[in-house]
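Once you scroll down, you'll see the structures, which are given as structure tokens.
Common to both upcoming complexes is subunit A, partnered first by subunit B, then by subunit C.
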Partner chain A sequence: MFRESPIIRWRNYSDRYKLSGHKCTKCGANYFEKKGMCVCGNLIFSEMFFSGNGKIVSFTKIHSGPSVFEEQSPYCVAIIDLEEGARITAQIVDCKYDELKIGLGVEAVFRKLYKSGEKGIIHYGTKFRLKL
Partner chain B sequence: MAGIIGWGAYIPKYRITAEEIALVNNDNANAIKAGLGLTEKSVPGKDEDTITISHAATKNAILRAGIKTKEIGSIYIGSESHPYAVKPSSSIVGDAIDLGNDYMAVDTEFACKAGSATIQFNMGFVDSKMINYGLSIGADTSQAEPGNALEYSAAAGGAAFVIGKNEEAIATIDYTCSFTSDTPDFWRRAMQPYPSHAGRFTGEPAYFKHVVGATKMILEKTKMEMKDFKYVVFHMPNGKFPERVAKIFGVTKEQLEPGLIVKKIGNTYSGSALLGLTCVLDIAKPGDKILMTSYGSGSGSDSFILTCTEKIVGAQKKALTTQDYVDRKEYLTYSKYRKHMETIH
Partner chain C sequence: MKIGVIGIGITRFGEIWDRGLRELLLDSQLRALNDAKIVPQQIDAMFTGNMLGDSLSGQVHIGAMATENLNLDKPSIRVEGACASGALALRQGIKAIESGDAEIVMVNGVEKMTDVDTGQVTTALMGAGDEELEGFHGLTFPGLYSLLANAYMHKYPSLTRDILAEVAVKNHFHGARNSYCQFKNEITKETVINSTMVADPLTLFDCSPITDGSATIIIAKEEIAKKMNSEVFITGSGLATDTLSLARRNTLTAIPAGQKAANQAYAQSNITSKDISFAEVHDCFTIAEIMAVEALGFAKEGEAFNLYKNKETYFDSKHPINTSGGLKACGHPVGATGIKQAIEATMQLRGEAKNRQVLNATVGVTHNVGGSGATACVHVFKRLR
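Moving on to the complex of A and B:
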């Protein structure tokens, strides 16, 4: 569920705004989410940034999502394999559902995610569009 | 003097035609199109605003500049549709493009010239060696009250420029000056969702006086003539006003047309003259001279003279062009258009 504290969101600005991730210092595997341990067993990670280029692995259309996304409905969501190896789920914008295909190239864009009501913070972050 | 190191444009994908708006407003579409000199306008996506448009244009400008974002010492965003009344757009874009923390930032507002004025700021900071590079951005998701004549032209888009030393410039900025006066032609009071305007008064004593005034001023100060310029860009509230100014100065169609982007996407307010400039930079050749005069209601015009350098050729291919964004479009019905605009508030 969505928690409305602007502070909780602020802690995620780096990965939401800039697609920052975590690189295993031993085998070089990249993760979007912070991991306790890499698949290789290493416990140490360094900060890295994903280029924002990737490919669609799977996709769907959301007609009735969480209430904060209501004004954007309906919208497309896809599982994306990023060029550097991590897999993430994100909204695909500026395209119709019929245009989406597994394997299509996508690129990151910076968009509004949702607003915290009429008076709250506007949340921004990374979404994707079909590569121009 | 300082110059432009990189430039970038961004125009949202969505469009609405004058016909579609005229149908709802019971207007004569052909009369509107002939009167305003435009056929359709750009509309922001439901998740786009001045901040996201600024970010997209800035990404392109940095690609063309070929510099590291941490080398940028300032970011200024001019707009009359900053998403927050209090909380800067500039720090959000600054964080999202990874400027770090060592940079100056502020949002500006001067109707449609809020963006061009920030080029003057950064020229001063670069020339005084306070920064190496500065970002100047003009972007808007302009608002028009349903049924108002502004609905046909109020569009969305923006342009960004990396300003730096002349030696690295793709176009040197040879001179700039402004023509300013207190003129009540167009305004929006605090807490009001839509702007108000003084009808026909927005023409002669407002737009024309200032655009012609600033342009005359810069020609006199630099002792240059219109025939010295390959391209000329005037602020574009519609397709007709810049053509009338062109006539006054004897600017040819060949000089004006390449930057006359209003005919394809409408008036992008703080992005308007600047997107005219990005159109021209996308196709200019080394040695070409450009004259640009912006206009902001209330009122003022900033005039600039630029000369393109050898470096412009390599930079042109490094990012999407303004035309790429003009060509990418999806038409909306009036009801969908209103839905897109409602998400702005």
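Moving on to the complex of A and C:
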């Protein structure tokens, strides 16, 4: 279904691959994915790039994933405060779940997200790991 | 606002393999007509809450299905707001009466969830979150509430794993006393804590189940309801929204939309949380009930643990919460849940709740949430006779 569509993700390659974001030209707020209207009411955004550095705000370990993620289970997902001010959701990899704590520093890494269906289109994107 | 409840009907909640969407819906519709003692032709309009007809049954156009079931050609609309679809349908029914467009409205909530495997249900339910920002990263619905739970328990360590389990224990205690409930068995704290981990820290027994079911409520203009000797009236309907994704929320330790919707409904009803006899709240996960109890004003943020520590949320206690068994024990056919809550409130206020009856119940509140809190709808029910 939609998770097997190459196009639905292609639109977001810039966000997913380069961690690009959108800066409000009026108040300077940064968004990971474009928001229709900034909280300040402005509609104009300029492109910016996140450094990939951030901190864990909350995290969990998913033991029972949706269909396309089933073979990866269990895996860790967190909400991360990026240092430029946006908050995003992403997987945390290369660590033991017990090592995760709210407030710990993380950095972005480029990884495979999932392979969808029989046609096997592979979706890539950003995950995070604990800062070394 | 005074909108009368003139009829209620509900199917058994559970794994109902021998019936599809249409049959489930017809069952609750006929029961409600029978309870109201009216014929289908007296209904002016219908609203039906349903979230997953498209993704799990390949069926949309549930509005027309609902009128076709009763051989009617009246206005009929499907209402969708994720797990809050039921309450949203009820609210649309109320608005149709308030606008003068209808005098008697049938409001249904129906969901058929057990025809497909769990992975597909998990994917479909995640549609209530933000597909681009959350679903793409493998986040699941239990995962969203686990993120809330971990953030909450980090800020308020008084909410322990044990106390979270008490929410499910209490809801199963109530469920064991409810005939239309999915799980009619009592459980212990140990059952919750030792059950399979779904998304840390939430285990299988912290989560509401996958359920089939349908619920119907018939509401009417005040004058008509009074002529029909209705005892129960809806006096407030509040609705608020928030960001689809948790990451864009201002807080991860509360569901602000719930509080905003409650404040609207309380103001319309001239009540405060102190006037409330009981509440049916959206406990899709145990942590959600904790946040709901705080949103409704029974405890300040971070303090709801006290109510569970002191066992104050049982039907015969100070703040009865989820006497139906809640989403946890009664089951959670998503589109039907909001209507089930309204039916439980009506049964309590009519004095028909048998061995889970809240004594001297005069004011009941229903609290229905969509997604991880992006939609919240609260209704106030009063006994006025």
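One rule holds in what follows: the second predicted complex is superposed on the first by the 128 of 132 C-alpha atoms of A that agree within 3 Å, B and C clash if a C-alpha of one lies under 4 Å from a C-alpha of the other, contacts with A are read in each partner's own complex, and residues count from 1 in each chain.
As a convention for this text, a contact is a pair of C-beta atoms (placed from the backbone, for glycine too) under 8 Å apart; a residue touches a chain by one contact, two chains touch by 3 or more.
None of these values were measured; they are calculated from a predicted model.
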(request) Please tell me, clash or fit, for subunit B and subunit C sharing subunit A in the overlay. (result) fit
(request) Between subunit B and subunit C, point out the one touching more subunit A residues. (result) C
(request) Considering only touches as defined above, state whether A:Leu113 meets subunit B (first), subunit C (second), both or neither. (result) both
(message) By the touch definition at the top of the document, which applies to A:Ile88: first (subunit B), second (subunit C), both, or neither?
(response) second
(request) With the two complexes superposed on chain A, say which partner A:Val77 touches: subunit B (first), subunit C (second), both, or neither. (result) second
(message) Taking the superposition on A as described, I'd like to know which of subunit B and subunit C A:Glu47 touches: first, second, both or neither.
(response) neither
(message) Applying the document's definition of touch, where does A:Tyr17 land relative to subunit B and subunit C: first, second, both, or neither?
(response) first
(message) With both complexes superposed on chain A, which partner does A:Phe59 reach: first (subunit B), second (subunit C), both or neither?
(response) second
(message) Going by the contact rule set out at the top, does A:Tyr97 touch subunit B (first), subunit C (second), both, or neither?
(response) second
(message) For the superposed arrangement, tell me the lowest C-alpha distance between subunit B and subunit C in Å.
(response) 12
(request) Take the contacts of subunit A with subunit B and those with subunit C, and give the residues found in both. (result) 72, 113
(request) Can you check the complex and tell me which residues of subunit B touch subunit A? (result) 13, 45-49, 51-52, 55-56, 83-84, 92, 95-96, 98, 320, 324, 328, 330, 339, 342-343
(request) Show which residues of subunit A lie in contact with subunit C when the two form their complex. (result) 2-3, 9, 12, 32-33, 35, 57-70, 72, 75, 77-79, 87-91, 97, 102, 113-114, 123, 125
(request) State the interface residues of subunit A toward subunit B in the complex, per the touch definition above. (result) 13, 17-18, 49, 71-72, 93-94, 109-113, 122, 124, 127, 132
(message) Applying the document's contact rule, which stretches of subunit C touch subunit A when the two form their complex?
(response) 118-120, 122-123, 126, 131-140, 142-143, 146-151, 154, 196-201, 245-248, 252
